[in-house]
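There are two complexes below, and they share chain A, which is joined by chain B in the first and by chain C in the second.
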Partner chain A sequence: MQRDRLRSWRLGDRVGLGLCWALGALFCAIAAAIVIYMLVEGLRYLRPALLVTHPTGGYGEAHSGGFLDPLLGTFLVAALAMVVALPVGIAVAVWLSEFGRPAGLARATESTIEMIAGAPSIVLALFGTIIFQSGALGLFSRTAHGVVFGRSFFAAGAMLSLVAIPLVVANTREGLQLIPAHVREASYAVGKTKAATIRRILLPAARPQMATGAILGIGRVIGDTAIIVILLGATLTFNGAGGLSGLSTLRGTGSTLTSYIYTNSPAGEGNQPGKAYAAAFVLLLMVLVLNASVDLVARRGRKHRWN
Partner chain B sequence: MAPRWTDARTGRLLGALVCAVLLTTASMLLFVLVQGWPSFAHNGLHWFGSGGSVDVQIRNIFLSGETGTHPVYTFHAWPLVWSTILITGGAVVISLVISLFVSAFIVEFAPEPIRAVLRPVIRLLAAVPSVIYGLIGVLVVVPFIGNHLISQSARASKAGIISLSGYSLLAAAVILTVMISPLMVAVFSDGMRTVPSGWVEGSLGLGVNRWRTFWKIVVRTARPAIVAGTVLAAARAIGEAVMLAMVSGSVGFSPNPGDGWLFFVEPSRPLAPTIIKNSEELSSPPMHATLFAIASVLLLSSALFSLVGWAAKQPMKKYGVRA
Partner chain C sequence: MELMSTPPVRRIAVPEQGRGAKPPTLAVERMKVEEVSIAYGDKLAVRDVSLPISQGEVLALIGPSGCGKTTLLRSLNRLTELSKNTWFKGRITLDGADTALMEPTDLRRRVTMVFQQPNPFPMSVFDNVAYVLREQGTKRPGRKAVEAAVLDALERAGLLDEVRGDLDHPALRLSGGQQQRLCIARALAANPEVLLLDEPCSALDPRSTQVIEDLIVKLREEVAIVIVTHNLQQAHRIADRVGFMYLGELIEHGPASSVFHSPTEQRTKDYVSGAFG
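Then we have the complex of A and B:
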């Protein structure tokens, strides 16, 4: 039926349809090419030893160590950013969906969140340097002779949380809006307050979407480079800033996989493409896993139906 | 038992948090503008104009701050602005066309199994970190352009003016297109999917074929989503720093359309990569002001794009589109 219908189309329409197929195939081809190319190059250069050795500043691929510190830095930065972004994002989403008065404030919030989502991360990074170089926030980064350096895991994590917040807000809000009004009314009818309804009924029901938002947020955070280069210092290894051992790392500078790739690409100072490929492969694997888990969460969330 | 979390108190607490987020954003806008002001005040509208070599100007600005003599602010950013316009504009226009066709394919014409493949593919392309795109660009696309698309004679014709090595407008625009079109496809196809099916069936029932119906009914109805997606993608594109720093060539040269075909393979450097390339020099006060001036131009234009996109999406809410 499709066939003979097609034959009646004008030539231009048929060419257009062909273009649709071609461009769809092109997208698949590009995605496949990126994944396969990174897989081949990554497996060529990736040695298990790279994952557990510290990087060193040597010439040549054989002398520059692995990328243990950037790998740990990636996890650290993602954790720090999400510690801020999750509560704030969920709170904003709950306010928008359940309170939302006055309406003017709600509209301002919506557009502000949209603006944060569109704000270039390089601008967020520069903004971070002003905040964290101020004397009052000196405790969050290395300080010497009254000069606050303003580069630390704290600074990078705080600014990266701004990158993740819009995703958390949008997804949580969507989850809350999927819950029909009669569920809320039933909860009020048995005497629960609005606050209790939110905490006991709405938030648990919106958990799949919250998880989706969090995962997408993590994906965006570990993929960001500009904030890391400017606010984390992109040093080779962790440079603690004195004080308590755990806190010292967080107050110090470091790097993540993205800044490691940037430094080791031909555009950076390191210029060791082999290392860059290996690190990029690991990063791409993380992104693929996060992507797959979004699917998994969404599938599990879909089972829930309100009838 | 008096509840600790009364509704009024919860509302006020969450409201206060929301206000804090608003204040942070507002202060970001304010701080960036204030820090960049000396550069604007000194150059006036010539900031956006051309004149002199922008790379020399940047070096003088930096050195004047380091040596502690009279600070120099003279900065004519036209080559950077021009490069930003060319790369971002080129990528947005190409992606707009591609994304329209691809979302048409996903929403209407693709058989179910292909649709099931295409959707995760789009999401994957949107999730790949920009530094990986940059790495592929600098190690695959740039050498390809340098070795195969630029002839020896072309290179000789530009000798002494600019070196054509493959770092180019073309490489930057192509990779940026791959980066932003998944974003567009996502917003477009969300919008197209919410067009009431009765309208489509009405058109089909009148004997209009599926292709015509799609473009005349679905695409026109989803126009707000198309505007929103385009503008949001433009906001993302204009702020892209790392990938462009890797493939655009990083010289303050303004590509000349008069060079014919060579125009596309000329290197340049947009605004955002300029910040990242010079971020080590923030300690020099005039440099600080200059970089923040660049940042405020980026922030204002991306904020403008975001707000336009947000406003354009409002009519679609009627049909229950999220995004």
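Then we have the complex of A and C:
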């Protein structure tokens, strides 16, 4: 690295460097402030009992229960979204990376994915209500007197998968493109078809990047609020739609930590900031753990690669 | 591709005696290259090359970078077709049959290839070889059914003794030289008639290079071998026949001793004496 004396720099360059340094430090300070503030506030209000108690509509922090349902709801929407996003995202990535013909369709697909990635989730949520309120999709939510409610775990999970798909596609593609051409050729050179090569060589080799995409996707899904409020109903507890028990829950409404935090924030109707802080702390912890696991997976993926 | 090659490995001196003089073998013609020209787009890479390829011999294709030797090698199992805009003229036969009329997957099981960079698949040592023996992309037949053939291929590649206890370890954890021999085992597992080697030692250390060179000399009895190298010493050590290519043309080919010691063409003479390259 070039190490010259700062003194020999122009004044403007010195000021610029100082500004960059200060902004970096400021950014760290803001991040630290958020984490520390949430940590302190969270720990002040978080009781283990909150994690295993159903929420209730009572007045006052002492009478409104815990956030068991929103916690389970968070896991449930994440699982539903990824059940759709992983196979779809991986399939699209494989097609784009290994086939990509016709070129026009490939370009259109890429732009579409970018558009979805850039679309505000509240727009996706609105679009979701139109889809899931249509009569043909009555199976996926509560239906009464021929009117389809359109809000359910199914509906929220499906639209949230759109939030995760771009991340799965981008990371899987990167993983596939990191595999040198000669590795593909080595498989063809022992008489294997392209399909066999993709299934047995390329997909396993891209697994670390797929995992990265999936984890980043989950992080986005569990942090989304707009789709939850609009499409999951943001009811405090699981509110089954009737019928088979598992299916009833999935067709019914519920909440996640994000909607619970919103409801209990000073802006929401619950307005119990203590509960909001406790839930926010748990959510932040989940996101931090996910981020750490991305690093771990990426570091593992770098071991034992080809030249 | 050629431009990316690493410089030739400088070898440590090995006493001639230790390498073992190559006993003459009976050559049986397996492949025939007839008036082949290959172009990428409008760039002619190989120009009107004719050449026999025989079992019992190591054929080394030598020549400076970009002379078309790798392209010629890749045309033998039709890997050239994977590149865009490839144009091909001429005929290549395998045991008398036109390779252009074969299913590429069938051809490539009979003419297998080892690459410049070791490229084991991201699976266990065992599965790397078993992959070749199994149906397209499945895990059938099971381990028991392919075990004997896998061990045999590893044995033929001179790797079995080193990996016997590590058959289930990831292949990418082996050393570079071991990885390359695993790639050779993989290529042998299909029981090919012809084995193609594209600068197989250029990414390896001298010791691994020697092990692989000895292996190549031994294998020529059971399979026809074509090796591309721009390391003249290597060609000298292992080749029975040598083809010298320059600017896409096969300038001269014949027994190694005559190409190296009494070449008929001036360009060959200049190249083997180190005047250019």
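Some notes on this structure:
As a working rule, the second predicted complex is superposed on the first by the 302 of 307 C-alpha atoms of A that agree within 3 Å, B and C clash if a C-alpha of one lies under 4 Å from a C-alpha of the other, contacts with A are read in each partner's own complex, and residues count from 1 in each chain.
Following the convention adopted for this analysis, a contact is a pair of C-beta atoms (placed from the backbone, for glycine too) under 8 Å apart; a residue touches a chain by one contact, two chains touch by 3 or more.
Keep in mind it's a predicted model, so treat the numbers as computed, not measured.
When the two structures are aligned on the shared chain, A:A108 is found in touch with chain B, with no touch to chain C.
Counting the residues of chain A that each partner touches, chain B and chain C differ, and the larger count belongs to B.
Of the two partner chains placed around the shared chain by superposition, chain B is the only one that A:S121 touches, whereas chain C remains out of contact. Judged by the touch definition given at the top, the superposed model places A:G191 against chain C, while chain B stays out of reach. Legend: residue contacts after superposition of the two complexes on their common chain; A:I30 is shown touching chain B, with no touch to chain C.
With both structures placed on the common chain, the touch criterion links A:G16 to chain B but leaves chain C unconnected. Taken together, the two structures place residues 193, 195-196, 199 of chain A in contact with chain B in one case and with chain C in the other.
In the complex of the two chains, the chain A residues touching chain C come out as 180, 182-183, 185-193, 195-197, 199-201, 204-205, 304-307.
Of all the residues in chain A, the ones that touch chain B in their complex are 5, 8-9, 13, 16-17, 19-21, 23-24, 27-28, 30-31, 34-35, 37-38, 88, 91-92, 94-96, 99, 101, 105, 108-127, 129-130, 162, 165, 170, 174, 193-196, 198-199, 219, 222-226, 229-230, 258, 261-262, 265-267, 273, 276-277, 280, 283-284, 287-288, 290-291, 294-295. In the complex of the two chains, the chain C residues touching chain A come out as 77, 79, 82, 104-109, 112-113, 115-119, 121-123, 131-132, 136-137, 170, 172-173, 183, 186-187, 189-190, 196, 203. Residues of chain B that touch chain A in their complex: 3, 5-7, 9-11, 14-15, 17-19, 21-22, 24-25, 28, 31-32, 35, 98, 101-102, 104-106, 109-110, 114, 117-118, 120-125, 127-132, 134-136, 138-140, 178, 209-212, 232, 235-236, 238-242, 245-246, 250, 272, 275-276, 279, 282, 291-292, 295, 298-299, 302-303, 305-307, 309-310, 322.
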